[in-house]
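Common to both upcoming complexes is subunit A, partnered first by subunit B, then by subunit C.
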Partner chain A sequence: MGAMTLLFNLTMLVYLLATVLYLVAMVGRRPQPGRIGRWVLVAGVLLHAGSFAVRHASVGGAPVTSLHESLSFFAWCLVLLFLLLDLRFRLSVMGAFASPLALLLMIGSALSPDVVVPLDPMLRTWLFPVHITFAFLGNAAFALSFGAGVMYLIQDRMLKSKRFTGIYRMLPSLDTLDKVNYTCLSFGFPLMTLGIISGAVWANTVWGTYWSWDPKETWALITWFLYAGLLHGRMTIGWRGRKAAIFAIIGFLLLLFSFLGVNLLVNGQHTFEVFTEL
Partner chain B sequence: MTETNTKPETTENHADKIWEFFCSLKLTVIILLLLSVLSIIGTVLQQNAPAAEYIKEYGQANYELFVNLQFIDMYHSWWFIGLLGLFSVNLICCSIKNFPRVWKFVREPVLIASPGVLKNSANRLEATSKEDKQQLADRLAVLLKKEFGTPQRSEKDGKLYLFAQKGIYSRFGAYATHLSILIIMAGAIIGNIWGYKAYVNIVEGTSTSQVWSRGGQVPIDLGFTVRCDDFDVSYYPNSRRPKDYNSDLVVLENGQEILRKRIEVNDPLTYKGITFYQSSYGSAGNAFFQIKITENATGKVMNIKAGQGQHIKLPGGYAFSVSDFTATGRFGPAARIHVNTPDGRHGTPFMVLKNFPDFDVKRGGKFSFSLIDYNEPQFTGLQVAKDPGVEIVWVGCLLMIFGSLTAFFFSHRRIWVCLEDAGGKTKIQVAANAHRNQPGFSLTFDDLKLKLEATIENKSSKKEG
Partner chain C sequence: MNIIIVGLSHKTAPVEIREKVAFAPTAMAEPLQQMLELPAISEAVIVSTCNRVELYAVSRNVDAAVVELKQFLADFHQLQLSELDEHLYRYEGQEAIRHVMRVSASLDSMIIGEPQILGQIKTAYGYASEHKSSGLILNRFLHKAFSVAKRVRTETEIASSAVSVSFAAVELARKIFDTLEDKTVMLVGAGEMCELAARHFVNNGISKVLVTNRTFSRAEKLAEEFAGTAVSFENFREQLHRVDIVLSSTGAPDYVLSAKKMKEVIKDRRHKPMFLIDIAVPRDIDPLVNKIDGVYLYDVDDLQGVVQANMKGREKEAAKAEKIIEEEIIQFQRWLSTLEVKPTIVALRRQMDGIRQAELQKTFANLNGLNDKERKAIESMASAIVNKILHQPTTILKKSQNGSDGDLYIDAVRTLFDLPENSDTKAAAESDDK
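Here is the complex of A and B:
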């Protein structure tokens, strides 16, 4: 209890610090605070990993079964993926989106009931951590493409109305945002595919069916179809900019629904323990 | 005469139109949208529930509507399957239409760059050298072989050309992904036609050679016998949550033991294409108890074996019975017992706990009871699946992973070199392109440019760097 909560709260604090630094970098249009923010986030992701390790030890398996744990794991995947993409593609502008979102997810996690639930026998397999890691890394990539999409639309609106206010100067160029959007999609889609396939392999070892049209599976497939459509639009028809940004936003909203909304809709195999316990 | 000429043309036009319809990406988008929207029905309306549940929730009239529209089992309805079929046709047609264009890159690589490409390519280099073009070509070929791939040499109109490429396979990533979807669908169809999903409950120590299909009334013959020797469940400490449960299964054929395995929740047993999954468990009938009874007045001790619900006589005309039992109570295994008086009156029931054998003495009745041991026969609940298509599905999944990764992260990169004599000197033109991820390729080309320049000047690029 002690170490777990301490690490969790510390992580939250570090994400808050990174958020402040990235926002200062964006508002002040100076790269220096952003560079510090990157290192702060690295510290945060390590602390966060530590909190999961402690929890893993006390649960005896991958600690991602309750809403509290899932939101926190989502935040961790988001920060990790952002740092990896930043390393390769220098997306530091997205830090001003990724770190506040991670902070928000952590706050959501802190607000949801934190009960350490012993793992169901079904979850005691290596396929469980593999499945959730792919799925949440995919979610994280799509969250970043959503962020780029939102920034694109704001910037686009500013340009069209010719109101060059402060926000206009803070945001990166339309071209950069569009490229970031595509880069994130090109990582998110294969990751999501891997998430779905690893889930199918696992389902087959538990129930003998790789696909059972469980509501969460179906919503994930719907989201997958939408992203497949978006990628075809981009790669073969040549969709760019606004249209692609809007699709990325819709896709992520669908994804959020399949992550959180579906649990409230129908009971399925993916329902969080907390909901079934209550 | 005009009539006879136009007729075949119009039918050809129709055929063309149908072909174009099935090839169009618009159709793909519409199908994907329809599949998405229709799929939602099944996530809102519970699937394959008993009729009574629908009638209770939505009323008789709506239930009949659902049945007619096949909403109850929508993922197997004719319209959903039909849409998936149309999707496959669309995928096949799109691929047939576009494949030749891509195949051409393999069959007939563009060995000679047009002047336009050499002049306007985003990644290009121009230089002149005093050296002979053959000599230059030899040196550049060595560099290209190291950096790009074995170059092909050709000559046209007195100009010397080099062409090299890498990553041509990435042009097929999208086709591999499309093919993988078809393979997965084929596997699913095979599984649906020649496979089944069933379940069976086997009481410990018994065996079965038949399983029950879900929803079906007729049992399915396995063709062999499965025996459950033992079933075990372990719990988390101080909790009623099962940590693990497993069954010792034995496969028998003609009375001969063939295979033996302890199956767990994530670890099934497969024999002759039929797989048994540990899925549930439960109590199979009444438990038996070993009970120690002390007559408090005399201190006389009796050890009695009692079945649940059985009335057993005690000295002095009394009798007792175990009316209820749980193996997973708050204080461990607990039995509810009542004692009947000699005139047949039902006494107040009380609890006897296995983990606290002296607990019942405090009750201060005529007899004290302690639960020494119990044996609760259990059944193991198994899901039984036969799916001859599952391996095909996995092949499809693997192809999908490789296909989508190549489609996104690799590109077909080509480079052309043109050497021509220009007034005693040699004019060198280089152009290169990638069919995807141009920004990334530009960076690579900038590096290559330095090496090309060094090679043309016949310097070591390392010193240059």
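Here is the complex of A and C:
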């Protein structure tokens, strides 16, 4: 337990440092702290992976069952995907979105009770971690496309109104932001799809039914249709820019709702308490 | 030792005066030589650009030096000093240091932050060191000024925004498109501003240029200049969907591009963004076009607004730069003040006395049972050695004060004996008054 908590807290601290660096870079309009922030995040993502490895060993399975674990896993996916995206597009400003979000998720994780859920061996098939991993990687991709969407709308607003504020200099071009949006969508959508399918198959092995219309499943499906619509629009009728940005923003808000809102508001088999009841 | 500047710039003299006192870059040997021969002056650098002519010198006698420099400037260009005098400024000491640092950092330029001036001063310094007219002080000083200019450039955003309409257009395009390399520009009409802007775009990577004009032959001629393609004015709208950036400056009294047409165009290009620049007055493109999703329309006033905002931004950055310069002035003056004879001798003496006392203590600790007389004898021997060693260097330093290479001796002594730089500033300031 000691090493686990230590690694977790250390990761949180590193994300905090990255957040500070990225915010300083954005507010001070200097590239240097952002460049340092990138390497700090790399360190963070490795530490974080270490903490999962330790947890995996001590729990004896994928550590993604409690709210504590899954928020933390979501943060890890987010940082990992951001770093990959940064590698391709040099999106230092987006660090000012991704790292505070990761930090918030970690804080949320730290605040939720750190219980090791003794999962029924029945539930512990290999499909379960696959389902969770796909779902969270997809969510992380959509979170980043949300960030890119917000940046797109800000920049578009400034270019249209011809009034530029401080952040203008830091923002990448509209084209780049749109490409980020597309990249996130074209990775996020298949991941989400695989997440849903693997979840359904898993549900069938556990409960004997592929789909049970629990609120989380329903909302996920609605979100899936929205992203499917956006992907279709992009590929066939040339949707892009503002419209795509707005879609990405709505999509992620829906996701947030189905991930958090549903947990808080309604009860279903995806709520985290359910595993303790089983 | 004082740094002295005499000169004039765009702020104090009209171009008719500036051109009369400019120095030809091909013949710098003679003026530099003549400047060095002035009795009150020991080092010389001449900066001559189209916006300023300045003489940098080092002297112990500021007032005499200023008179000589002014006279030299007039005489060299066969002018009466009375014609020039009202345009000339003079700076000495700290003021001079500040002035040169500000000029190098482009804070004194017509367009704040423009990058050429630093190169021009470097060239001027190049001539001076080639003809050996600069010495210890100006060498060190100008290198300092160059490094300050570099610091200003990297630590402030003084030069990071466009301050001309055509650069502003290129900068905006970079905010819309991720690269300009594969983009197409269309020139509608052939105004001069349009051409200039198009040239900036081509210099920044645009590869394809289309040109249209009511007079087709003019379109062809201009297209040839840009290695582009001429398009007939009747059909140019049908080509627009292939175009990413439009530069428009026809003399047409009405709009040549309507919002309705642009809506079709943007659909035809599958909503890929377009950047329209309307430089014409009266305007060529219906302002409503800016409301279309993915189309960004800028007219002359919009671009000028961007330029003005950038200028203001530069002024803000200039304030940061001034702070950097104030820091650097203090540092440089600290070094300069060490080049005074009196504090150098005092510091040298102090150093030697320190050694003498330390060694005496060591010796006495080892020699037990000395009587007072023996101790006194040893002490006075140590003092005598120090005095004898210091006698000759001190005399030479004092004498060198009046020669032209005095600073060299001082600097050498400071380096050889590793004398501290800052402990004597006060003493230096006192001796400055004498």
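What we mean here is this: the second predicted complex is superposed on the first by the 249 of 278 C-alpha atoms of A that agree within 3 Å, B and C clash if a C-alpha of one lies under 4 Å from a C-alpha of the other, contacts with A are read in each partner's own complex, and residues count from 1 in each chain.
The definition used in the following text is that a contact is a pair of C-beta atoms (placed from the backbone, for glycine too) under 8 Å apart; a residue touches a chain by one contact, two chains touch by 3 or more.
Predicted model only: the values in this text are computed from it and were never measured.
J.: Superpose on subunit A as described above, then tell me if subunit B and subunit C fit or clash.
T.: Taken together on subunit A, subunit C would fit alongside subunit B, as the superposition shows.
J.: Could you say whether A:L194 touches subunit B, subunit C, both of them, or neither, answering first, second, both or neither?
T.: So A:L194 only meets subunit B here.
J.: What is the contact status of A:L159 with respect to subunit B (first) and subunit C (second): first, second, both, or neither?
T.: second
J.: Roughly what angle, nearest 10 degrees, sits at the C-alpha centre of subunit A between those of subunit B and subunit C?
T.: It is 150 degrees after superposition, to the nearest 10.
J.: Between subunit B (first) and subunit C (second), which does A:K243 come into contact with in this model arrangement: first, second, both, or neither?
T.: Touch status of A:K243: second partner only.
J.: Who does A:L46 touch here: subunit B (first), subunit C (second), both, or neither?
T.: Touch partners of A:L46: none, neither subunit B nor subunit C.
J.: Which chain, subunit B or subunit C, ends up touching more residues of subunit A in the combined arrangement?
T.: Answer, by number of touched residues of subunit A: B.
J.: So, A:L253: does it touch subunit B (first), subunit C (second), both, or neither?
T.: Neither partner.
J.: A:K179 contacts which: subunit B (first), subunit C (second), both, neither?
T.: both
J.: In the superposition on the shared chain, how near does any CA atom of subunit B get to one of subunit C? Answer in angstrom.
T.: 7
J.: Touching subunit B and also subunit C: which subunit A residues?
T.: Common interface on subunit A, subunit B vs subunit C: 179, 237.
J.: Which residues of subunit C touch subunit A in the complex?
T.: Residues in contact with subunit A: 157, 160-161, 172, 174-179, 270-273, 290, 293-294, 296, 298, 302, 305-306, 309.
J.: Once bound in the complex, which stretches of subunit A touch subunit B?
T.: 118-122, 124-125, 127, 179, 186-187, 189-190, 193-194, 197, 200-202, 204-211, 213, 215, 218-219, 221-222, 225-226, 228-229, 232-233, 235-237, 262, 265-266
J.: Flag every residue of subunit A that touches subunit C in the complex, lowest number first.
T.: By the definition above, subunit A touches subunit C via 29, 155, 159-160, 162, 164, 168-169, 171-176, 179, 237-243.
J.: How about subunit B: which of its residues touch subunit A in the complex?
T.: So the residues of subunit B in touch with subunit A come to 25, 28-29, 32-33, 35-36, 39-40, 42-44, 46-47, 75, 174, 188, 197, 236, 239, 241-245, 264-268, 275, 277, 279, 383-385, 387, 390, 393-394, 397, 400-401, 404-405, 408-409, 439.
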